[in-house]
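Across the two complexes that follow, subunit A remains constant while its partner is subunit B and subsequently subunit C.
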Partner chain A sequence: MTVLQERIATPRSSSSFWHAAWYRYKRNRLALVSGVIAVLILVVAALASVIAPFGYATQNLNESLTGPSLHHLLGTDQLGRDLLSRAIFGARTSMAIAIGAPLVGAIIGIPIGILSGWFGGVIDFIALRAFEVFTMVPQVLMALLLIALYGGGVLKLLLFLGITSWVGFGRLARAQYLTLRDRDFVLAAKAMGVPTWRIIIVHVLPSAVGPMIVFFVQQVPATIFAAAGFSFLGLGVQDPLADWGKMINDGEQYLSINLTVALTPIICIALATLAFSFAGDGLRDALDPTSR
Partner chain B sequence: MIAYLAKRFLTLLLVMLVVTMLIFGLMHAVPGGPFDQTQQPLRGPALANITRKYGLDQPIWRQYLHWLWALLHGDLGIPFEQPTMSVTQLIRKAWPITLIVGGITIGISYVGGLIMGCIAALKHNTWLDWLLTSAVSTAGVALPNYVVGFLLISVFSVKLGWLPAGGWGQPEDLILPVIAFSLYPMALMARYTRASTLEVTYADYVRMGRARGLSERRITLRYILRTALIPLITIMGPNIPNILTGSIFIEATFALPGLGSYFTTASLHRDYPLILALVLIVAVLWGTCYILSDIAYTLVDPRVRLEGLSR
Partner chain C sequence: MPEALLEIRDLHVSFALERSTVYAVQGLSLQVDAGERVGVVGESGSGKSVSALSVMQMVPSPGKITAGDIVFGGENIRTLSTSELRHIRGGQIGMIPQNPLTSLNPVLTVEAHLQEVLRLHLGLTRREGRERTIELLRSVGIPDPATRMHEYPHRLSGGQRQRVMIALAMACAPKLLIADEPTTALDVTIQAQILDLFDELVESSNLGAILITHNLGIVAGHCDRVVVMYAGRVMETASVPDLFARPAHPYTLGLLRCVPRLTARRSRVFHAIPGAPPQVTQLAEGCPFAPRCERATDQCRTQTPPLEEFRTNHAIACWHPVTEPAEVAS
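Entry: the complex of A and B
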């Protein structure tokens, strides 16, 4: 009888948590609007080649640095490339990196954090020292060094920003598992003879995943910042690929001739970082109501 | 206390050793060297000569020991790109620029953030709170500093022509970089100040103070703020080295010849001695600030005891 009740109760209680979270998120109007914008940016990025009126590399030197017109809604850059199209394709590269890099960091960091938090002892000691070593050199500088040594490009940028972001995920996962491993439900699972790997993944992970999602979303604007920054320095995405940071770099020299060349990517970056930050904050408040 | 400090600094030293080893290994793991892609390719004997001069022909562990030995004698080597000066001289030339910008940034952003955070918390749930929290501090945290920099340049330099767009030399050159640079730490500070002040505002002892009929001013200054500001040390501390070593993006945006700009060029040119020196500076500052903020915390909050320290 009790077993039956538990079977029925478990899925309902876990789904009601996500329901409650969604309800809390919905009530936060700023977060809701930001979430919609963030999703919109992702959709635009995914459908770039369908939406964009021109190709990202289509040049027309006769029409370079024109202001906004009906033909080119935002005008053109120094090579006569349509700015709107480049901004749309720029969303594709920026979003690929902004989502991909934290994913790489999570894949490296979370298992390390889980192992160190769960098992403690020597593993924890080594992991803690590794955290210490890797926090000594700030992420941006470490990524810069890697890019300088191994070269830039979309994929490398994604990889390097990902590798250098693992510490945050590691620390978070460690803290989560450290507190969760002594809970009664874990003890109960152990007593019932559930294998350790199963406890770690099936029993504990659902309780730990909320903060991880929040952290992931909060990493997205930081990654947009860093990736566009490197492209702006001329170290990241290379011509003719479009990237917001690269576009600032292009527009920098023409500030006095045509401001929209630099202003377009700047507004794109601002919009994306703001949308993802507000959405991340809303998500934090929704998933972890005790944090505020 | 001394034993504790000694232990912390010893750990820092060990971590530094690992960090430099890691960077050293990383730099040498990539095929090619700093003299492979200069403007005029060097011929065989000349290349061999220059690699020998800098000890690049030796095994990597010997190069590392060599570098470490020189470091212990205060010698950071000679930058490959500017062989006329030593790394120490180069840093002595570049760092003051970064330090001036960073110092002013810290002053403005910490004080400004504190005031903004306090106002937002004391006016909790009013339009002022909303403006300061949502608009100013979230935007400050979210907007990349080079984006702010460019917006400032396009308004104040290009459109209005009031301030220089970049460069170094006159006092006016400082204004825009400092504004762009301080926005993030200021927003961060305001956010945390607000959160920690709010936490205290509704504490029992504050209500008790009110019940005793203390003036609102006294309650705010002596009861709320004194307690609320303590946790901020952990926020302020680790941010200081970040600001004092400069931002590579800010320095590129405003063409400042500071430490950050050298980090970029040194990485690009595989200028091993300069990269190592810069990483060393950043890492030492980081480690020291962490230790100092831990100590400061115990000094202002008597409830906190350092691990393994008995008084």
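Entry: the complex of A and C
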């Protein structure tokens, strides 16, 4: 019944595709709530230094591993650092990596995919072989190697996870352009004497960008996870910077004394991952109603 | 004789596929003068559209022009560079595509389409382009163009979209207009309106025009000269009145018989030419129409008939032309 209603209901005064997409997105409760949470996490991350009650490195060894109290809402870790503050600052590093890495991947992958899908031939052959080689080596293993060679840290982790994630964007862009290049409106634009680069960017990109945005958002939770994994292993974010993955690592040793030390970052990761996943799914359904 | 606006000489186009080669156009010759409307008729797969795309140098891969010359405005299009071609496409030659429903970009407004072409070819500024856009849309019969130009294509009807396509083709005052089955996707009533608009534009701007269609009725009403194609070859070419009064090629005769008439009293059956047009994958000797022709002889099957002057301004490629006019009327 709801599906039927969504099909029939069309926006009344939409003059554009994005209006219609927003209309469809709004109707999806789960996606809407997830989207709000995702945006909230981003806002908290951006305003971390304003919101957080303490600094992420402010220690008070007299109050280490205390449970939740009025002074420390979520308690403190083994060095007496406020967990709430660390979770908030952790959001900043986690989000920077989770969004920065796919961005790097998109910047590398999308142009390669576009060229390969549009021109085909030799370019496509080379790009496809590159896709295959990079798919063969697991992303985590590859990033691990790069970290082993060049060291960890927020910026490097972001860069390495980004470099290793371009294949997905490349494949997607290639598929998009492969199907779009034979459309009648592309032929018509060509017959009007529009230069090729203009057709690629002005005429085709707006039709291809929807799935790319969706893929980007879906990459975010995967990257949160990967980054947390690296930090948990001690390969990513280094002390005293806060990161959810590293906080789990810290808290794991003190589980029996203060559960919130590990629980706080775990809940944060779960919440962020789920929020971005559902928001991404909602976005997919909204931007491409035929994909259901 | 003044130089023709467009002259195609002995054009050959073939598609090299994995296992075979399709010879889509074999020796098409065609001339279009300014102010003249040339109809190209034929069944599906007879090479009409490929010929039109050849003029724009836009034959889709793996198709290739293997021989022949296309002379437009004194220049051989086949020797032009990509940037010179871009100047011709949309600037000198306008094209009206087959399907207006899918030929407009769904994410661009009507104005964006027109502005782009105007800026590319005429270098108009945004404001000049906007004025010209309104003017053009008005000239093709879009009501309230100043508001409608902000619409996205899906808000327009099929006929309106084809009008926009015509405005696009006409935007830069081309010398030649190529219309590839411009009305196939439209309702009959809209078809008539679009074709009337086509006539009007050709006449007022003294354009040369190529009208590709499979509908002989359209040719009769909207063309001056006609080229009948079959399996990539020209079967017959004549002035429109001459062709309809005295068709000489059995294939043309067959096509004319296929047109249903309201006036014919008793014929309850539709005439049809038996068989289907061939996919030309080998260059065989003989008339390509021979297998479906009731007049075919051994000569037809072994020797390819050349395209020769049969009457003044009336050429056919047939060994056994139809001479008795009585057959047509039935």
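What we mean here is this: the second predicted complex is superposed on the first by the 277 of 292 C-alpha atoms of A that agree within 3 Å, B and C clash if a C-alpha of one lies under 4 Å from a C-alpha of the other, contacts with A are read in each partner's own complex, and residues count from 1 in each chain.
Just so it is clear, contacts are C-beta pairs under 8 Å (C-beta built on N, C-alpha and C of every residue); 3 or more make two chains touch, one makes a residue touch a chain.
Owing to the predicted nature of the structure, the values given are computational and were not obtained by experimental measurement.
Would you mind checking whether subunit B and subunit C clash or fit side by side on subunit A after the superposition?
Superposition result for subunit B and subunit C: fit.
Now for A:I269: first (subunit B), second (subunit C), both, or neither, which partner does it touch?
After superposing on A, A:I269 lies in contact with subunit B but is clear of subunit C.
Determine, under the contact definition given at the top, whether A:V194 touches first (subunit B), second (subunit C), both, or neither.
second
Counting residues of subunit A in contact, which comes out ahead: subunit B or subunit C?
B
If you stack the two complexes on chain A, which partner ends up touching A:L259: first (subunit B), second (subunit C), both, or neither?
first
Between subunit B (first) and subunit C (second), which, if any, makes contact with A:D184: first, second, both or neither?
After superposition on chain A, A:D184 lies in contact with subunit C alone.
Touching A:D239, do we find subunit B (first), subunit C (second), both, or neither?
neither
Between subunit B and subunit C, what is the tightest CA to CA spacing in Å in the combined model?
Closest C-alpha pair between subunit B and subunit C: 12 Å.
If we count contacts the way the header does, which residues on subunit A are in touch with subunit C in the complex?
Residue positions touching the partner: 15-17, 183-185, 187-195, 198, 202-203, 206-207.
Taking the touch rule as given, give the residues of subunit C at its contact with subunit A in the complex, in rising order.
56, 58, 85-91, 95, 97-99, 102-108, 116-117, 120-121, 150-152, 155, 165, 168
Mind listing the subunit B positions that touch subunit A in their complex?
11, 15-16, 18-19, 22-23, 26-27, 30, 134, 138-139, 141-144, 146-147, 150-151, 153-154, 157-159, 165, 242, 248-249, 252, 263-264, 267-268, 270, 275, 278-279, 282-283, 286-287
Sort out for me which residues of subunit A touch subunit B in the complex.
My answer: residues 30, 129, 132-133, 135-138, 140-141, 144-150, 221, 224-225, 228-229, 232-233, 235, 248, 252, 255-256, 259, 262-263, 266, 269-270, 273-274, 276-278, 281.
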